[in-house]
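One structure is given here, and the rest of the page talks about it.
Lettered A, B and C in written order, each chain numbered from 1.
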Amino acid sequence: MLPEIQEFFHMGGYAFYVWSSYGLCFIVLVLNIIIPLCREKVIIRSIAIQVHRKQQK
Amino acid sequence: MKSNLLDVFMTILKRDLSLGLSRSSEIANPLIFFFIVVMIFPFALGPESNLLQRIMPGVIWIAVLLSATLSLDMMFRSDFEDGSLELMLLSRYPMTLLIMAKITAHWLLTGAPLILASIFLGVLLNLPVESLLYLFITMMLGTPVLSMVGSAVMALTVGLRGGGVLLALLILPLYIPVLIFSIAAIDNAILGLPITGEIYILGALLVLAITLAPFATSTSLRIRFG
Amino acid sequence: MLRHINQFASPKNFYALSCKLVHYFGGACLLLFVAGVFGGLLFSPPDYQQGESVRIIYVHVPSAWMSLFVYIVMAGAGTIGLIWRIKIMDVIARSSAPLGASFTFLALATGSLWGKPMWGAWWVWDARLTSELILLFLYLGYIALQSAIEDPRMAARAGAILALIGIINIPIIHFSVEWWSTLHQGPTVSKLDAPSIHIDMLIPLLLMALAYMCYFISAVLMRARCDLLALERNSAWVGELIGERSR
């Protein structure tokens, strides 16, 4: 089993290139999900404050 | 008193020409910039004649692109600042006609001097005659496209903060096809290869720009200024 | 049918719909990515010439396809918003831009990482790479224009014009490998012919392409939701929605 996993990570000598490509894609795609989610939280919080202030009046 | 369209075109053309000529720094500065850009290449790359001769058409074309980008500022900014742009938008004459007149004036004031300056520099730097000839032809086809596409993007960005750099950022990717085909034509012509394909494409870009750019510019102006 | 569509053009209904769609497409995207990556990394064969580095194709090609597709979406949505004045379309166009730029960046980066072992160079100035790089600058220019104009309605309409001016680049990129003799290989999957690629590689490739598509739909709707809330923050439905949530 173990030699096979070693071979899998080694990717026939191209380990750096293949894993960097997949890793880069993973990072960029995850960032494009995290950033809107954070922004949404910030916006909802600021709108909630605005609504709260209006209700208090 | 309703004038016919040719009279309107000539009026705006004469107005812009006289305005441009009276503010001579707006014409002179891009031209001086052009000379400076071409001159600094030998400083960076060493004065060896062979290398410079090979890259000179490309360097001259790059300098033309950068100067054209700088010179676009004069097209709408002064009209925007004194309100005549809004007056033009409100007039009963078609905006596309007025824009064509402004573009023609802009090319006469900036593009044509750049062509002459390029030929002058080419002679000064001992470029071979074929290079000069095809430089001239590609610039005759290409510089009007630069003015026209430039007017469309300038209409989008006039008066915005970060204006000059934003304009350059938006417009240089759009200028690149003109550059690629012009340089391909010049290089192939020097090698003796046929260049009809590149010339046709440059012609097609010119025709595309003439038909679409005034419409795009007037739409952009209406978006920005109602 | 038209009334059905018209109903979803209202921001409030669109917001509710997009929340649901994000969940469905997000789930589908996750499954498809798992299937595609497993298929690509484990079950597909290595190339007899390129060895294991051919596995980069499963992230490179879908990224490149999406970079073109998203630009068309951005220009199309912008045009619809410009002509028919539909606010949702403006929001979708604006939200697609960062995603399109990301996909273009990934296509260029993974292509570079594939090119170094195969061609021996990180970058070559051939037609397809150059036009894809121009596409990246077009996206970045669009984003810069959006942030320079303060009024969102004007920004969206100006962006639509800019996207339309740049759309000539899309057929140039697509046909660049046919029109010029380039180092980049020719089209693998064409609409009319049988694909020139083996089925063992075609299946993970199509799975990844579908995964990227579902990802794009969920990600763009997530961004569009944010933008819509920000745009409509003073309207009644937003007030009610947020009021209910904070209770």
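To be clear about the criterion, a contact is a pair of C-beta atoms (placed from the backbone, for glycine too) under 8 Å apart; a residue touches a chain by one contact, two chains touch by 3 or more.
These figures come from a predicted structure and were not determined experimentally.
In terms of the distance between Cα centroids, chain B is separated most widely from A. Located most centrally within the structure is C, per distance between chain CA means and the overall CA mean. Taking each chain's centre as the mean of its C-alpha atoms, chain A lies 16 Å from chain C. Each chain gets one centre point, the mean of its Cα atoms, and the points for chain B and chain C are 33 Å apart. Centre-to-centre, using mean CA coordinates, chain A is 44 Å away from chain B. Taken in their complex, chain A has these residues touching chain C: 8, 11-14, 17-18, 20-22, 24-25, 28-29, 32-33, 36-37, 39-40, 43-44, 46-48, 50-52, 54-55. On the side of chain C, the complex with chain A involves touching residues 37, 41-42, 46, 51-53, 55-56, 59-60, 63, 98-99, 102, 105-106, 109-110, 113-114, 116-117, 215, 218-219, 222-223, 225-226, 229-230, 233, 238-239, 242-243, 245-246. By the touch criterion stated above, chain C contacts chain B in their complex at residues 130, 134, 137-138, 140-141, 144-145, 148-149, 154, 157-158, 161-162, 164-166, 168-169, 172.
Residue ranges of chain B in contact with chain C, taken from their complex: 149, 152-153, 156-157, 160-162, 166, 169-170, 172-174, 176-177, 180, 216, 219-220, 223-224.
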